[in-house]
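Shared between the two complexes below is chain A, which pairs with chain B and chain C, respectively.
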Partner chain A sequence: MTHDAFSKCHPSVNFVFFILAICFGAVFQHPAYIAAGIVSSGTYYVLLNGKKSIKSFLRLLLLFCFISFINPVFNTRGDTVLFKLFSRPYTLEALIYGASIASVFVITMLWFGCWNKVMTGEKITCLFGGVAPALSILLVTVFRMVPEMIRTAKRIVSARLSIGKGGAEKLSERARSGASALGALASLSLEGSVTTGDSMRARGYGTGKRTSFSVYGFRRRDGALMILVAALAAAVIAFAFRGATRAVFLPERYFAPLSGANAAGLAAYCILLLTPTVMHIREVISWNISKSAI
Partner chain B sequence: MEHFKISDLSFSYPTSGDAALDGVSLTVNKGEFTVFCGKSGCGKTTLLRHLKTVLTPNGRRRGEILFCGVPLGDVPEAEQAAKIGFVMQDVDDQIVTDKVWHELAFGPESLGWDQKRMRSAVAEMACYFGIQDWFHRDVSTLSGGEKQLLSLASVMVMHPEVLILDEPTSQLDPVAASDFLNTVRKINAELGTTVLISEHRLEDVFPYADRAVVMDGGRITVCDTPQNTGRILFEKGDEMFKAMPAPVRAYYSASGKGESPLTVRDGRAWLENSFPNGAKSVEREVSEYAPGGRTALKMKEVWFRYEKDGKDVLKGVDAEVPEGCFYAVVGGNGAGKSTLLNAVCGKIRPYRGKTEIFGKDIKKYKAGELYDGCVSMLPQDPKYLFVKKTVGAELAEMSRDADKIIRTAELCGITELLDRHPYDLSCGEAQRAAIAKVLLTDPRLVLLDEPTKGMDSAFKESFAELIRSLKERGITVVAVSHDVEFCARYADIVGMFFDGAILTSDTPRRFFGGNSFYTTAANRMSRGIFDGAVTVEDVVENYNANKGLQR
Partner chain C sequence: MKKSWIATLAVFLVMIPLTIYLGSKIPGRSYYLTGTFIIVWLLIPFFMKFEGKRPQARELIMIAVMCALAVAGRVAIPVNHFKAAYAVIIISGIALGPETGFIVGAVTALVSNFFYGQGAYMPWQMMAYGAGGMAAGFAFAKGKLPKKPLPMALFSFLSVILLIGPILDVCNTFLGMPEVTASTLAASFASGFPVNAIQAATTAVLVFFLGRPLLDKLERAKLKYGVGEV
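Take a look at the complex of A and B:
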């Protein structure tokens, strides 16, 4: 596992950041904002995933092209006709609009990819633990049950294989054997959950109000980061309401100019999105400095 | 000061008329270490579950249970949750959450402790049990022994006054079981927690216990110190005597009087004091195991690993198993013994080497042919074989021949169980039903994975009987097992699996006679005094012969 400074912050900070980044990414269609979103989410994604990200990038590129090129097929508005397809105009405007939709899609995908790495099940349950302890423990038991069921299923299949069931028989017999195994899985899981229930009640489950143990402490650093994120987000929203992110594609292209106050809005957006990346790089640098000092 | 006082407790389950508990009276004092033993189904679990209200089964009940002088039913549930800790048999299912730290915190969370109190309690327990290194791990990545230790720790985190353990080690291998029982012992000694434990594996707990409670048919038959319990059981000719630790059995069988030794150390002292001038060992004909010629299984230089870049699990296994014998593979935990069985039944494909079954290369068996009247394997846990609603239906799944089903059921002794649900069977009965399923494929080579795990001593004996009758039918049995005592007694050939290969194989007498640690308790006790005594019977025979010489 790679060390990431932002992942080590309190889950609430992670959560708020991702919610903001994903919402903004999905709403803003201004090319400058889109560029900022792609660059920052892409960099952070690479920092978290390393070499594996190349594959995902290729996949996203394919998706980007697909959405971009398919849009003009359905959307024929716009004046600059590039060529005719099935006797319908294929316009430049629609193509650009498609590209912007595709970019929004790619940005959200990238942010969700980062979310997957940062927001582990543990963090999510910790977040809910404070607000809704009952829901949180339900989630936790599901996290426990799913791998357990997969393992039980594997054991049943393996046990049956070794008495010659479920292997290379006729298709009808295999189907029947599979159904039996599935039934066995259901009843074994049911049996197991009775024991789990006993074990829960034996340790006082349901005797009173639950509290929630947290392995994550909310430190001053987390507080400061939270304030920074909130302030930047507020600035971005304020400028957005003033029209800094206005982007119209059809019938005529209009993008809000990036001069004056609008530039400040974009700057706030960039700083907000680059926060995890900057934190990560700063830690790497300071680590290398202290290492070379040894 | 008494902790629990049970007076005249009787109980019967709603579905059956028989009493599961019949007039049980027992007082458990504070700080006492009490061991409950008895055959499966003797009522141990039912009794222990009565000591905590939320776990008490439904049914008809008479009698009274006092906890610290108060009727147990009047003690609030939250108080019971904290004060009476309960660890169950099932290693996987009693764990509720997905992370180690969360499992530790589960009890305190339920009781509504505040953050500060929880943190210190959890940290303290994690250190005491030495689990701080795997504090953040996923529960699913733990071994069986670690899981059971976690269950114990997550109960101890609430600082219970009483710790109740219901066959906690029956699903563990001997090394993990010893570790676990030592931890329980440590808790009792260092924290003064009252311990009530039911166990089949008495060697580890018996010498330490203050009291042994023997149960049979829902009644307490003996309730005394461990020393006296051994004697009383011997004098009564009780079947439970066979479950006693080896030194106890040897001592009384050699007509010892008074208090018996409980540990191997005391057993040695007894033998050394009995023969201060040394002893002569009974000469025994050590014969090569020589059955009728044919080879059932032959492995040559078999290599295997699970992942391309992983470690080799099998590293050049060579083995030869003659037809019609009982071949036992013993060896450490996680050494790859189960992998070896999987290679034999064709579930995994070794990347090098040759496996021949009845003289034919395993690769030449067509799909399905191997399992049709040739090889069949009993998994470690028989419950994974059961898919139907009755035992009868289980057997019918395997064969259409009604006569054959009846014959097999008779052989395995499950004729009366055909209408029962497979999950309602006891551990021993389930094992027998599973064997019946295995046998219905008409195998010539039966593979057993840890067959004696969780079995009580009485059932082990009838299981050995079953293996013997299989051998009489010409069926070859290959088992991997941790159960040294069982292999020493019943196997024809024992092979030692270590570092991915079978290092040595020999008859049990020569194999265990030559080892000094990895051997039976009887052998460790008599080493250097009698040569080659491997079972308790050997020790007794040597003892009596030498006593005869002294006279």
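Take a look at the complex of A and C:
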């Protein structure tokens, strides 16, 4: 999906949103908040990744089970003993606690998955270009070099194959041949790098203060979105400190009730997390409407 | 130079204690968040040092080549479990010194996250890879360990299994374990050990074969074009 409305906003809005979503997602253990986190991050992940997300979901499900089942091995508190493992009790309460930790893990991974799609390299360098100019140009250079180097590496490997090298079955031979191919790649790139460096110097790199250019303008819409995100996040934090997200699993389960004011906290959290999804869907709908109008 | 020292002091005396204090006040599970923020604060002085040096074009591009080589290197070696990244980072550390080694490692981790995507481990990977490059730089500084295939291979085996791998295992503990105690840490180390051992062995093999040639190439580039600390 290339048409993601949220991705088109100013990188600072994207950045703030993801940092907040990941921080909240990594901390809240209240079941309602976990559900909100999984649903919103999962939906946005599917919108961004399409069919490919099924594979990631299966992998996350596997990790979810692993983390859930491992917790009771270390944590023997709780009354409902399911069975004994190495003469230690394996309790239902610890299993539920493990599931909550695993859910938090899944939410974090899903948000980072969305981050990878939205926060592309040029957005990061746009954000930090002013603060860390040397690092930014290093990143930009590496981003450009990697695809080129992958192509060169493939050329080297196939050239070596055509003269009968690198196709050996023995592992040690293949490793050795791989090392040679990597060495050839290094020679080629290092020699080329000096030319690039000289060419940069000839064009005046390092002669003055580095300026930065960004294609992203901070528009009124971005400002409004930033204020919305900040206000919702402030509300969530305020409610969290009032105990709306309180969740105790052991020794006795206690979850903060969702009635009254606490419902407002959860609502703020849901609205915050669903912002990118809503923006995406709204754009898709308006796009289809304008397409059908033609 | 001076700025990065102030930043280092600020990180250790203000930011880390403050993060731990605030982390303990957070309602909910704060291990991962606190740990990750501390890692991010720790990364800042290294990058400030790098900025403060105002690297010249040739040096910058040379560092970029090593990072790109570490990210793209796995294509050149179509063998399972052979990740070129650690080997290239360690060799960069040996050839270009601890500071540059750290930058190569950290940037490699950052960039490979964009290409291969892992996410939650990113700051930890940056720290782990960077530490690997830095340790290699210190261990093989002038007059210390000899820059010969066997010592370099042994060193890379040890640094993957004792330094880079365990840092990532600590991240696993913070992310997925019920609480951070000695026993859960030990469990993470134990479950990470097979993977770490395989990667340490493959890295050692690669460094054994690749180390000397790549070092020579870097030395030659440094000598011929006058880059870095000759």
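Here are some notes:
One rule holds in what follows: the second predicted complex is superposed on the first by the 269 of 294 C-alpha atoms of A that agree within 3 Å, B and C clash if a C-alpha of one lies under 4 Å from a C-alpha of the other, contacts with A are read in each partner's own complex, and residues count from 1 in each chain.
Operating definition for what follows: contacts are C-beta pairs under 8 Å (C-beta built on N, C-alpha and C of every residue); 3 or more make two chains touch, one makes a residue touch a chain.
What you see is a predicted model; the values in this text were computed from it and never measured.
Using the contact criterion defined above for the overlaid structures, shared-chain residue A:Val215 touches chain B, although it does not reach chain C. In the overlay built on the shared chain, the residue A:Phe241 is in contact with chain C alone; chain B does not reach it. In the superposition on chain A, A:Ile156 makes contact with both chain B and chain C. Contact with chain C, but none with chain B, is seen for A:Asn116 once the two complexes are overlaid on the shared chain. More residues of chain A are touched by C (comparison of chain B with chain C). Legend: residue contacts after superposition of the two complexes on their common chain; A:Ala186 is shown touching chain C, with no touch to chain B.
In the superposition on chain A, A:Ile289 makes contact with neither chain B nor chain C. Once the two complexes are laid over each other on the shared chain, residue contacts for A:Gly98 go to chain C alone; chain B is not touched. When the shared chain is aligned, chain B and chain C each come close enough to touch A:Arg201. Across the two superposed structures, the residue set of chain A contacted by chain B and also by chain C is 121, 133, 137, 141, 143, 156, 180-181, 183, 187, 191, 193, 196, 198, 200-201, 205-206. Touching chain C in their complex are the following residues of chain A: 23, 26-30, 63, 67, 70-71, 73-75, 94, 97-98, 101-102, 104-105, 108-109, 111-113, 115-116, 120-121, 132-135, 137-139, 141-143, 145-146, 149-150, 153-154, 156-157, 171-172, 174-176, 178-183, 185-187, 189-191, 193-194, 196-198, 200-201, 205-206, 240-241, 243, 245-247. On the side of chain B, the complex with chain A involves touching residues 52, 54-55, 76-78, 81-82, 86, 88, 90, 92-99, 101-102, 105-115, 118-119, 122, 136, 138-140, 151, 154-155, 158, 345, 347, 367-368, 370-372, 376-377, 379, 381, 383-388, 397-398, 423, 437-438, 441, 447. Residues 121-122, 125, 133, 137, 140-141, 143-144, 147-148, 151-152, 155-156, 158-165, 167-169, 180-181, 183-184, 187-188, 191-193, 195-196, 198-215 of chain A touch chain B in their complex. For chain C in complex with chain A, the residues that touch the partner chain are 26-30, 32-33, 47, 50-51, 53-65, 67-69, 71-73, 75-79, 82, 84, 88, 103, 107, 110-111, 113-115, 117-120, 122, 175-179, 181, 183-184, 187, 202, 205-206, 209-210, 213-214, 217-218, 221, 224-225, 227.
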